[in-house]
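A short write-up of the structure that comes next.
Chain lettering (A, B and C) follows the sequence in which the chains are written, and residue indices restart at 1 in each chain.
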Amino acid sequence: MTDIPADNQPLLSIEGLHKAYGTTEVLKGVDLTMQRGNVLSLIGSSGSGKTTLLRCVNLLEEFQGGRILLEGQSIGYSEIDGRRVRHPEKVVAAHRAMTGMAFQQFNLFPHLSALDNVTLGLQKVKKMPRDQAVAVAEKWLERVGLLAHRSHHPGQLSGGQQQRVAIARAIAMNPSLMLFDEPTSALDPELVGEVLAVIKGLAEEGMTMLLVTHEMRFAYEVSDQIVFMNQGRIEEQGAPKALFDQPRSPRLQDFLRNIHF
Amino acid sequence: MYQPPSWLHEAWAAREALWAGFLTSLQCSALAIACGTALGVIAGLALTYGRWWGRLPFRVYVDLIRGTPVFVLVLACFYMAPALGWRVSAFTAGALGLTLFCASHVAEIVRGALQAIPRGQLEAGKAIGLTFRQSLLYVLLPQALRQILPTWVNASTEIVKASTLLSVIGVAELLLSTQQIIARNFMTLQFYLFAGLLFFLINYAIELLGRAIEKRVALP
Amino acid sequence: MNYQLNFSAVWRDFPSLLAGLGLGLELALFSIAIGCVIGLVTAFALLSRQRWLRAIASLYVTVIRNTPILVLILGIYFALPSAGIRLDKLASFVVTLSLYAGAYLTEVFRSGLAGIPKGLREAGLAIGLGEWQIRAYILVPVMVRNVLPALSNNFISLFKDTSLAAAIAVPELTYYARKINVESYRVIETWLVTTALYVIACYLIALLLRMVEQRLAIRR
């Protein structure tokens, strides 16, 4: 939702990505670029590969072919003497810290309070001293509207509150790119709105975001680009209005018809 | 005038031997529990997160030990040690047997608790950039501990009870000390009841301790 | 370590080892059967409305579970004669192991019964069945299928405990193992073979019980 910045190097560049589970290919050559400040939504039916693609970006899934470049750095693997070599664990961890992820199941740490969930990464990965970490954490908890709940444990919070803490936990790490894996799919309907409001606010402030979502209306409102995936490939890509109002591929037309958008 | 029962008099007369036996029981139990837990945690971690060549030896070890009675384990360690050239006391051999037994139990307890943690927890740790070691230390083990602790306390009482088996290989722990007293004064019924009571009190205390710990670590 | 492996002494006496294993299995079978009856009755007692019944059942379970089995075995064998009851070795051991099994199986049955939805009993009442009929035809059959895995674990554990019969010179596997060990000095071979026999026996028992579990499983 912002103008394309002056420097032309894309923030994220995915080139020819291939991934298979055993003998089953789930990503069959995906190319994608994102500029800083872009918001991009991945849509498609189950099995289209959209979640797998998202999880490759922060290497929660390994991929066998192609490259992912984040801020110019190759994620996961490098070419050494023509051979594909996996990065050592420390490098992988450092790259992962450049992105933030919000999971469908929130995955908050149940043994830690909301505040400690957010400060864990700040203290152990960014090596911040405790008081600085607490200050940053409190700022972001306030931003998602949950400062009053900072001492509560996840078990004491509603689903929507947990997801907002999870988002705060991810953003507090100051990532270049935020990844959202169906952030509202596990929520009761009346709690979906509060989470979408937070995500929309972040988009308006210029956060670069890659979302996998079933909330079509939301995707339409918040995205700069929508990418429709089918059977491991990008079938169609474009601005929301163009894609939804004039879908070109027949499969996208079927998809949109079935979701009564 | 009221005469206290004569076995009480006998027990008092033998109090030093009984106390020494009690301490020996405690020592070998504590030793076996400490070493067994350390070894068991390593085995449990390997069984959960190791690659197949790391898991295999521990899997074989755990399955072998769990198919063997602890009595056979203790006897085997006692008799085999000299044959393998080690000069160890009966106490050490017995403690070794108990340690191997304890470790196999702890390994299964740790493996079960770690595998019960949802995969998303490790992924969330990865997503904020924690290394595996950090995820283990700050995210996985604290959660696993809540499941491990009560079961581990249970396993510890099994070790304390199993320490009585060392009496058979001549270690002067509480049971053997009691038997030696019986050999002198023939008060069989009274002293076996007395030994039973002592062991019961020790184990019951541990059981209560376990329940208290379980309450304290429960998540809010 | 100058030890040459030589299995001939063990193979010569192998039949006695097998006979010992057979006796161990028999002892286990009898004790588990009696223990199941005790356990079932005690489980129902724990769930009864009569306070005194619950108290006695609870006391029995707590005392037995917190006393080392060796103390129970020796106590019952050596101390009962003083109270006028004379039992031979086999009978004494079966009594002890049955009591021991009963205490542990009580917990298995109790939690199995507690896990049955209340509605099943109410449905039985609604069609006019009496309490004991409901227990016999509805509750126990459903509970048995639910607790088969836990029962399997307990049965294997109790089979391993038959090794302790050797402590009162009952001629089961461990007794013969010790005898061969002491007579032939072939320590490593003896204990290797003995351990293998126990591990294989436990594995076969587990396999058998799993087959039973699959045959009895409620079809979903």
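Assume contacts are C-beta pairs under 8 Å (C-beta built on N, C-alpha and C of every residue); 3 or more make two chains touch, one makes a residue touch a chain.
Values in this document were obtained by computation on a predicted structure and should not be read as measured data.
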### Most central chain, Cα average position
B
### Query
Looking at A-B and B-C, which one has the bigger number of contacting C-beta pairs?
B-C
### Task
Tell me which chain's centre, taken as the mean of its C-alpha atoms, is farthest from chain A.
C
## Note on the structure
chain A and chain C have mean C-alpha positions lying a whole-number Å distance apart equal to 55
### Message
From the mean C-alpha coordinate of chain A to that of chain B, what's the distance rounded to whole Å?
### Response
47
### Task
Let me have the rounded angstrom distance from the C-alpha centre of chain B over to the C-alpha centre of chain C, please.
21
## Note on the structure
The residues of chain C that touch chain B in their complex are 1, 3, 62-63, 65-72, 74-75, 78-83, 160-164, 166-167, 174, 177-178, 181, 185, 187-188, 190-191, 194-195, 198-203
### Task
Quick one: which bits of chain A touch chain B in the complex? Just the residue numbers, please.
58-60, 89-90, 93-94, 96-97, 99-101, 103, 105, 107-111, 120-121, 124-125, 153, 155-156, 166, 169-170, 173, 179
### Residue ranges of chain B in contact with chain C within the complex
63-64, 66-72, 75-76, 79-80, 82-85, 157, 160-165, 167-168, 175, 179, 182, 188-189, 192-193, 195-196, 199-200, 203-204, 207
### Query
If you look only at chain B, which of its residues touch chain A in the complex?
118, 120-121, 123-124, 126-132, 134, 138-139, 142-143, 146, 219-220
